[in-house]
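So that you can tell them apart, the chains are marked A, B, C and D in the order they are listed, and the count of residues begins at 1 in each.
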Amino acid sequence: MKKIAYFPGCSLAGMDAEYDEASRLAARELGIELVEVEDWNCCGATSGHSTDKELSVMLPGRTLGTVEKMGLDTVTAACAACFSRLVTAQEILKEDKEMASRLMPELGISSPDAVKVLSLLRVIADIPKDEIAGKIKVRLEGLKPACYYGCLIARPSGLVGEEHPENPMAMDNLMSLTGAEPVRWYHKTECCGAALSLSRTDIVLAMNAKLIKMARDAGANCIVTTCPLCFTNLDLRQPQARKVVNETAPPMPAFYFSEILALALGIPRKKLGFDKHTIDVGPLLDHVLGASAGKGGE
Amino acid sequence: MNIITPEKTDKQFLEKIEKESGQNLTACNQCGKCTAGCPIAGFFDIMPHEVMRSLQWGLKDDLLNSHFIWLCVNCMACRERCPREISVSEVADALRREAVKEGVKPAEPDVATFHKNFMGVITMNGRLHEVMLTALQNVFTFKPFKDAMLGVGLFLKGRLKLLPGRIKDAGFLKLISGRLKKN
Amino acid sequence: MSKAEEKEKTENAEKHEWEPKIVGFLCRWCSYAGADLAGSSRIEYPPNVRVIRVPCSGRVNPLHVLRAFRKGADAVLVAGCHPGDCHYSEGNYYARRRLDVLKELLEFIGIEPERFRLEWCSASEARRFADVITEVTGQVKKLGPLNPKENKNG
Amino acid sequence: MPRIGVFICHCGINIEKTVDTAKVAEAARSFPGVVFAADYKYMCSDPGQNMILDAIREYNLDRIVVGACSPSLHEPTFQACVAKADLNPYFFEMANLREQVSWVTHDREMATEKAIQAVRMAVAKAGKSEPLASQSLPITKKALVIGGGISGIQAALDIAEAGFPVILVEREPSIGGRMAQLDKTFPTLDCSACILTPKMVEAARNPNITIHTYAEVENVAGFIGNFEVTIRKKARSIDMSKCTGCGVCYEKCPVKVPNKFEEGTGERKAIYVPFPQAVPNKPVIDREVCLHFTKGKCGICAKMCPAEAVVYNQEDEVITEKVGAIIVATGFDLFDTKRYEEYAGGAHPDMITSLQFERLINASGPTQGKLRRPSDGKEPETIVFIQCVGSRDDKMGRPYCSRICCMYTAKQTILVREKFPNARIFVFFMDIRTAGKNYEEFCRRAIEDYNAEYIRGRVSKIYPSGDKLIVEGSDTILGRPVEIAADLVVLAAGAEARADAKDLARMLGIQTDQYNFFSEAHAKLRPVETMTGGIFLAGACQFPRDIPDCVASASASAAKALALFGKPELASLPTVAKVDESRCSGCMACLSVCPYSAVTMEEVKNKSGGIREVARVNPGVCQGCGACAAACNAGVIDLLGYTNEQIACQVDAALL
């Protein structure tokens, strides 16, 4: 079993425990053990770099140092914001030699790129296709996901390791392996506005409504995310967003990509926290799993 | 009277932000692609390309008092598509930090309060705690019941923890709170 | 003046005292034109290179390079068109073959490889030309003079 | 001992600003052999040149050194100047104090020092210079034109009309180039075919012009006045002498493929004429798709042809031609708009390139000029044009302005307005560049009379929604984002160098710029010449150009070729290799490296009467590369003008 350091981040440890659970389970099925970073701290998110550049390096920097201490060479974050902060910290340390020489010893970092930072999506997408295909137990035919990557997992290109900042395909390809039929849509990496979720909810709701509409127009019957902030935004805030635009079409179920993957890998539905979703995913899952003869169902 | 004169502008500000953001600000040719693709532009008071133009002039006060600096979510759509390879996102960051440093009264108090609360919670615990953050946000922005209904729903679904997690490394907490106080 | 300041001053003076001499053989079709373009584009670079215009990098005889080192050059640069772009179709290949051998010889007699550079630089690569000169000058400054005491009359 | 005069130029303040020219002149006075030194404001001006002539007379100078700009600018000027005083032009040397000193060094002291050094080296070299003379060479008074677009056609016609033969090589089955694809042309809106077709026919009829279509130049050897080119005429599978151009053959051909000439908007058969006005108007079989060649069956066209002109087993023909001048007129490619992933990957059917637009609105195009939405055939009500797609974009590696797209976009808005009086027509632009005769007026007409709505701002994203394309742009003048639901989006794709321009440049031994467009010898003073003698540039292969500019540059390059043909003979290069036969061991090292086979081995008699072989250089063939001189260990073969001794002196002077 390959060991990869795992930075759950505040969202997963707090509100989004079901993503955490699904990710660990799915990864294990695929031969990867996610080892939680010891005594990890918050990455600082947008507030960090809005306040103080050095602090915005120190917060994720400590994690990088800890991973080195744990003797692991790769760390993954399930949350796009955490992932972005980790990569950016590395980048700043690489560029700002002065800051690097001051902070690195304190944080226990030997070299800015001593550990590789990968998004959880990338970790799984890097597993050979056949290997994943061989482990799919439940075909999720009838699931038409709009794969939503969000802004921070595909940008800035060159730093994050996704193929294209406008039309990344890693998640789409994974979804196809499960038998789902991802739709071609054009808002895969459009921002959801999560950073303003608590302070300018009005803006976030408008962005949310647009994303859901675009996914629906493209023929999707659910939206799949890689990031807890995106998920919270699209799931938890969706009822509010619907009100703002007087939406009459049925709500759009949202999932984490690892939940879908876990289902397809044969992990029982009830072990995955679908009941915690705000938008009811039951009917859609009944439909999809029913179609595959209830093999993965309860 | 709102007339620009060279005397009213601050060219050093351009240099400062250039350095802080690592972007070549004079490279901007005002094509407007950043504004065109920005998901929040419809809510801004100053458009991303106008931010760049204002910087080229050195209109420091306009910028530090803008809503823009608080509303930009750093999604980097602008950075990805700018034909001159400039990141307005980085510029927004630098301006925001500058505003904090100079103690400018934020045009978006709720956003500024959010960042402050956020940093407060993590310096206390090393980690974020949504209940605490939401509570603080609502108290400090005088909107006590905002999002409360969401909160109850989450609580009932078992998605909210009421007790914050805290990291063990007290030294690090001290280090970051020291760093914060310096500002 | 504090001690530290004094030290810095003498260090600076020392730095200023010695400017390396670099002889550059530039092909007139590409690198010489690239150097001209650096001029028209007003790209500044260190003034240490003394340029000899040759019709082709293939014109440069290894003996010319050796002579330069013997007469006190701290570095020698030969620059020509990119492989495949030679105005005379293959002069730069001959240059490479010949000068690679020379490079080994130079290493053998103890001249650091950084002191002899064979570079490809086209007529449009003004920036690259300036960068190469800046880089070589920097490297040689770090290495110090080649044979500080030795003859100038051999 | 030579008597050397040194002249240091201020170039106004270009040199003087950072170089203390008086000090340089002063220093020069102490260099060995220097008997006179002075500085002056503009050496290349008449008074400057007279100053040199006066000094030669007064001080009896026999070598001249000028420290000024780059020799690539004014070496010929000063060589001509000293020749007036009956000095051999190779007694002149130039030190480059502007491009390589004053413009790249800010510190005045250092710049002055570097300038002194450069002059010292030039003086040292001049001291060892010898008089050089050229030989006269014959000129083949025949031109090769590569590329049969409007530029190539114009150049060929001009040369032919002056009475010299021209060979025109075009790689497509017809001449015409991009212009043949256009509908109407700015700024006069004449129909492209109406003005181009007569020229194509004229070129075909002119007895001095031989056109090879479906052909490519495979090799070029030789030098100015004396090139030898190899041309491959690809097998057309048609006997051109029998074919009457009746067109029966392609009517019945069962194979349909996208037509490249229609930019993929229409189809053609496996046997085809690319467009109705093609010259020659005779078909060609595309062997990649023809069933006879891919599956070994069919043969319908041969059966149908009343003239028995279809020849399946025809083979490529390789011919060689001797020419004295070559004009390159290979034109341009269009930027691949698919590279803009944010524009829905450039791949939506209702998003077309500007060139596809030309075909779709063209009465002889695939839709007979009925412009409809490609996706569903509906009449477009809202049309959005986007300028600078793949131009002025560092991110795409295309920071330059393509020069033609502002104007052709204005033209296209007029053309659509004529078809759809009620449509809304939007144009997103960054700047409107209309620097040409009647161009600005033309563009204003599009805006004022044809009601094209111009929006200043670049588009960031385009995506389909429902049956519309949503265009997300901005109006930077108002400072607001703009969103338009369009039926049809036209991308003004930028112009770029032909994909294979670099290969052609290598074959010809000419230079390309950083975007792979061919480089002229000097942007202002020699704009249609290349650095290689006898090779000239015409049209858009050099940089994006519209038709008026293409035709002007084509005529200019023709004039250059004619100037060459007007000479009775050619002076050979004086800076050639020379062998000291008495010392040559006959090792043949020089012979083996000469790229032009200018070295041969000749038998000579020894003093003792024995016979031995020595190297000998043909000065008419030698191009002065010096590879031989570098190869000869004994220093027997040397390059005049760049002798071993001269280089050694320069090295020594550099290190004093």
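Going forward, a contact is a pair of C-beta atoms (placed from the backbone, for glycine too) under 8 Å apart; a residue touches a chain by one contact, two chains touch by 3 or more.
No experiment lies behind these values; they were computed from the predicted model shown.
*Asks:* I'd like the most central chain, judged by C-alpha centroids against the all-protein C-alpha centroid.
*Replies:* D
*Asks:* Please tell me whether A-B or B-D has the greater number of C-beta pairs in contact.
*Replies:* Of the two interfaces, A-B and B-D, more C-beta pairs touch across A-B.
*Asks:* Where the CA atoms of subunit B average out and where those of subunit D average out, how many Å apart are those spots?
*Replies:* 51
*Asks:* Centroid from C-alpha atoms only, then distance subunit A to subunit B, rounded to Å. What do you get?
*Replies:* Each chain reduced to its C-alpha mean, subunit A and subunit B end up 23 Å apart.
*Asks:* Indicate the whole-number Å distance between the mean C-alpha point of subunit B and the mean C-alpha point of subunit C.
*Replies:* The answer is 49 Å.
*Asks:* Hunt down the residues of subunit A that sit against at least two other chains at once, touch-wise.
*Replies:* Within subunit A, residues 165-166 contact more than one other chain.
*Asks:* Hey, what residues on subunit D touch two or more of the other chains?
*Replies:* Correct list: 342, 461.
*Asks:* Which residues of subunit B are in contact with two or more other chains?
*Replies:* 42, 77
*Asks:* Within their complex, state which residues of subunit B touch subunit A.
*Replies:* Going by the criterion above, the answer is residues 20, 22, 39-40, 42-43, 71, 73-77, 79-80, 87, 93, 96-97, 100, 108, 110-111, 113-116, 118-119, 122, 126-130, 133-134, 137, 141, 146-147, 150, 153-154, 157-161, 165, 167-169, 172, 175-176, 179-180, 183.
*Asks:* Quick one: which bits of subunit D touch subunit B in the complex? Just the residue numbers, please.
*Replies:* 342, 388, 392-396, 430, 456-461, 472-476, 479-482
*Asks:* Would you mind writing out the residues of subunit D in touch with subunit C in their complex?
*Replies:* Interface residues on the subunit D side: 70-72, 96, 98-101, 103-107, 110-111, 113-114, 117-118, 121, 505-506, 509, 511-514, 519, 531-532, 575, 593, 595-596, 623-627, 629-631, 639, 642, 644, 647-648, 650-652, 654-655.
*Asks:* Quick check on the complex: what are the subunit A residues that touch subunit B?
*Replies:* 10-11, 13-18, 39-42, 44-55, 58-59, 62, 95, 106, 151-152, 155-157, 165-166, 189-191, 193-196, 198-201, 203, 206-207, 236-237, 240, 275-276, 278
*Asks:* For subunit D, which residues count as touching subunit A in their complex?
*Replies:* Within the complex, subunit D touches subunit A at residues 341-342, 344-345, 461, 463-466.
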